[in-house]
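A single structure is presented below for examination.
Note that the chains take the letters A, B, C, D, E and F in the order they are written out, and that residue 1 is the start of every chain.
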Amino acid sequence: MDWIEALQANATSPAVLFFALGFAAAVLRSDLKIPDALYVTLTIYLLCAIGLKGGVALSSAPFARLWLPLLAAIALGAAIPLWSYALLRRALGFSQVDAAAIGAHYGSVSAFTFVAASNYLQSIDVPFPGESVALLAVMESPAILVGIWLGRPGADAGRTRVGEIVREALLGRSVLLLLGSLLIGVLAGKRGMAQVEGFFVVPFQGVLCLFLLELGLVAGRRCGDLRHVGPRLLLFGLAAPLAHGALGAWIGTSIGFDVGGATLFGVLAASASYIAAPAAIRQALPDASPTLYLTAALVVTFPFNLAVGIPYVYALARAWGA
Amino acid sequence: MDWIEALQANATSPAVLFFALGFAAAVLRSDLKIPDALYVTLTIYLLCAIGLKGGVALSSAPFARLWLPLLAAIALGAAIPLWSYALLRRALGFSQVDAAAIGAHYGSVSAFTFVAASNYLQSIDVPFPGESVALLAVMESPAILVGIWLGRPGADAGRTRVGEIVREALLGRSVLLLLGSLLIGVLAGKRGMAQVEGFFVVPFQGVLCLFLLELGLVAGRRCGDLRHVGPRLLLFGLAAPLAHGALGAWIGTSIGFDVGGATLFGVLAASASYIAAPAAIRQALPDASPTLYLTAALVVTFPFNLAVGIPYVYALARAWGA
Amino acid sequence: MDWIEALQANATSPAVLFFALGFAAAVLRSDLKIPDALYVTLTIYLLCAIGLKGGVALSSAPFARLWLPLLAAIALGAAIPLWSYALLRRALGFSQVDAAAIGAHYGSVSAFTFVAASNYLQSIDVPFPGESVALLAVMESPAILVGIWLGRPGADAGRTRVGEIVREALLGRSVLLLLGSLLIGVLAGKRGMAQVEGFFVVPFQGVLCLFLLELGLVAGRRCGDLRHVGPRLLLFGLAAPLAHGALGAWIGTSIGFDVGGATLFGVLAASASYIAAPAAIRQALPDASPTLYLTAALVVTFPFNLAVGIPYVYALARAWGA
Amino acid sequence: MQRHPMRRVTIVIEALAREALCRLLTEAGAQGFTIFPVESHGAHAAQPSDIAEFGTLQCEAVVRPAAAEELLQSLFRDFFPRYAVIVYESEVWVLRPEKF
Amino acid sequence: MQRHPMRRVTIVIEALAREALCRLLTEAGAQGFTIFPVESHGAHAAQPSDIAEFGTLQCEAVVRPAAAEELLQSLFRDFFPRYAVIVYESEVWVLRPEKF
Amino acid sequence: MQRHPMRRVTIVIEALAREALCRLLTEAGAQGFTIFPVESHGAHAAQPSDIAEFGTLQCEAVVRPAAAEELLQSLFRDFFPRYAVIVYESEVWVLRPEKF
């Protein structure tokens, strides 16, 4: 399978098409709306499902094998905001706090880009290590903490409590659900998984479609904000996933992952957080502009990864892994 | 299978029984409530699921075969409001705007009556062309536009923007989801469908039960409005599905559908919209009484079709198709 | 399988672990929240699913066989508040109205403890009579009525209408859904069930996990109320399920149930209502403290039954049934 | 346009009291009112509302001054000792006094 | 701090009128407004809102007194005869008058 | 019945500011407040709220006049430059002043 085929296989997957449908509906200003309760439900479901699957994989795999990847993931997550910050501040002319905020988003990860990538691998029958979901869990927070540290104003604004924020970044909803269901998967094992497969495995890919329909709507509605974002951030939002994806795939290959694992590692690096990071950054760095970081992560980078980034990283991982 | 059997098979189907349970709960004034978010979720799920299935069917069927049925459906949808208007206005004494509004509802279609009908056919093992969901998609809007045109006040009330309304009727939530997922089904094909079957096919009939439980509640709560509706509209609400159902089944048979297809065509004609039409009509013809059109469509015709109309149309289609 | 094993099998079941995760998240003050709409949806789903299954079982079982268990269940439900009242009032020093209110909760039942118990039996391959869900349906109300009668103030407070409340206890949401879907199961039979199995059976155990995650959160958040509850009620909340569970398992065995049936009977007796009873009692006995009865039922007895009570009752039923 | 003075009574109350509240409002002569669930932060701490029945709701009724007086008295007598509840009143103006 | 008087117009209306209402508010010069679904108990009986489109919504707009006047007139003329609707006005104070 | 004057402060604000707002209210001496999600139509256009975190919430706090003054000052200083927010104040009356 070459590049074109990889792209094609991705572009005709129901999940990606549902994202496009949601995006189109929003751009055409349809009255289609997804209840917030459904969004939260889908989020919880998807996180628990991938956590469980990862946990079951872990329960039958040597945990030791994970130390190196975990450390690499944490280091990469913490490093991305550093060079992104330098680039955004020096070369692209953003203010200190905006550069720090954007860097935090690109160092952190998007769980649903990860899910879409594993879905993609599954649909083209490429195996991947189930434990890699642990990487997702540990990679969410480091970048947020680094970003907050980079953007912290000299004179503290009074309303930001760094302790609080660190606690939240480490104990946020998604990290908690991921780690919790990972642990449940480890404890319940294959036997427990067999009981709940009918809910957490069988309908999984279809549920993902519904979720991406919703994300398409959200991204499409925010499309108008692209005007406020400017060409420089647009460029960054497209270049960052290409660069970070390649770097991640390379590191993944280097530390011994197979093609599937290296792809997921690369996709994590390429993805930008649009849920956990905005919530934390809006509180810790209220002077940074949400229009910038949210639009870049959600309207530019997420769809780009979904359509192009995932097959691109996969193609690299395959080339290097062979 | 004769008439009695057809009725019986329908009356013991879980879906119909759950509708009855919801209806009973509302009439008994139970505190059972279904969250609005669940209602919207079920709507989206059911529309996407039937759209997908139809699309997959289309992807392996000659699209050409559909032109005639599509044209027939549009024509029938546009024609029903015309004679309904004349009848309601002349024979039954309704005002211009009310006659137009009611006609719009009976010319448009109820997606969930369609779903219930295909569910019924499936449960008695009668095949039907998957593409017929395209008829559902095109038949929603024409009647609404005709109805608005019939009811348009001489002196425009200022708040109604016909352009807006036409756009909405053509791009409403349900049409968009149906056409969108139809297209996704065509693009993703059997291979894509296999991935999402565990969500969009396996639990489908059960989800329909939950949805009909909800609709039963809603209809049951509005039961009290029957008093405001009067015997003439009640009569219309029962006679229209019988007449339109027969006409639809006959047209369906004439243009070459098999028994299943003709049944669905007939059921579409027999059904009255209670979601898309009220929303459009309340905006475009605010002087029409929602108590009349909503009660007729939701409390009279929907339950009647569910219990009697569907097996009735099927019996006709079978008699004519043989 | 001895006691230890029974406990272990329970403690590594995904359902119980998800409850623990929710509890931990709440205690750690995570921002994880489950939308109310999801909670209601899960409730409706679980009640309909167990009702249906019970109904199908009933449809192929001699109904006559159920009279004795039903009578026993009603009698036990009505009797528990009597001695609980005496104990709470005399020995533990609660006021009249609080003793009556707490007694009502422990005589009534928790549908989800029942579901967890049947889930447990299934996971350890112990059969149980499907019809036993009928016991759950009839056992909810008697205790509430007895409790209200015990706690009725001499001078009626003006706002309590006993007629209303009796009607509600008999026609509450959960009783209605249970009895309704039981009836649907009977009418639709195996044939109807086959149609909806993909929704009401296949994902059932996984859905239960999500529900228990939510209940864990709710219980965990109310953990702080334990301070207001005092050691005497805490003791009651732990001793009551042990005593009532043993009694129920013994009665169940005596009236001829197999090990599975006796376990469910015991679990019903051991469980305390935290949904139907609080709603009814808060209205009928507004002077009783909800902090007391709700905390006892939800924060003490429910988790205790989930972790310890269910395997304990099972072990008893097995010992006595052999 | 001609305005007519009315009172708006706002009641923030635990959701389990819903039925009792509706009855009280009707008896006190309110021609209508609206109810919506809120997340409440009271004396003790945030009260999470995952389960609506355990949560809080806010009720707003526009009533004639005389009805407001009666309503407040009933609330004071029957509700304040029993439920977690906050009540406040404000002045509003309406166009169609006959509807209240 | 310096306060500036404004009017808050509250509209309780059937949800199907949402679009028309938004248009009216914008035309009358409201710079912004909030909408939320409510469970409504009107003249007839409780109106259940399982389906949001068949339910009721409450809209609150803070506007300059002149805009309030115009808004009320439009509501009186175009909405009162057609929709199930309740409107009332109250006095409020804001800090940044230029935002309204 | 005897009424006591209080101020009701209403804050319409982007949902991401929730935590900061709760802290501010507590520090300013509010004994309680209610929060609910709203669909907001602001200066720019409708802001859809499919994801509650990206949406808008409305907060209502009834406080003593002195606390209102402090609250408004803090909002003016810390919130107006940073968040999409609208604040207004109105007069209300309560029965039990000791609760506020």
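Details
Quick note on the criterion: a residue touches a chain if its C-beta (ideal position, glycine included) is under 8 Å from a C-beta of that chain, and two chains touch if they have at least 3 such contacts.
Everything numeric in this text was worked out from a predicted model, so none of it was measured.
Minimum number of contact steps separating chain C from chain D: 1. When each chain is reduced to the average of its Cα atoms, C sits farthest from chain E. Comparing the contact residues of chain B and chain C by number shows a mostly separate set, under half of all numbers used being common to the two copies.
Centroid analysis (C-alpha atoms only) places F farthest from chain B.
Centroids of chain A and chain B (each the mean of its C-alpha atoms) stand 41 Å apart.
Centroids built from CA atoms put chain E at 45 Å from chain C. Chain E and chain F have Cα centroids separated by 19 Å.
Contacts with at least two other chains are made by residues 36-37, 90-91 of chain D. Counting partner chains per residue, chain B shows two or more touched chains at residues 33-37, 40, 202-203.
In summary, the structure contains touching chain pairs A-B, A-C, A-F, B-C, B-E, C-D, D-E, D-F, E-F. Chain E makes touch with chain F in their complex at residues 1, 3, 6, 8, 22, 25, 31-36, 62, 90-96, 99. For chain F in complex with chain A, the residues that touch the partner chain are 14, 16-17, 19-20, 23-24, 37, 45, 48-55, 78, 82-83. Of all the residues in chain C, the ones that touch chain B in their complex are 35-38, 40-41, 44-45, 48, 52, 168, 171-173, 176-177, 180-181, 183-184, 187-189, 192-193, 195-200, 202-203. Listed in rising order, the residues of chain C touching chain A in the complex are 12-14, 17-18, 21, 24-25, 28, 30-38, 123, 201-207, 209-210, 213. Only residues 10, 12, 36-43, 46, 56, 58, 69, 72-73, 75-76, 80, 86-91 of chain F touch chain E when the two sit together in their complex.
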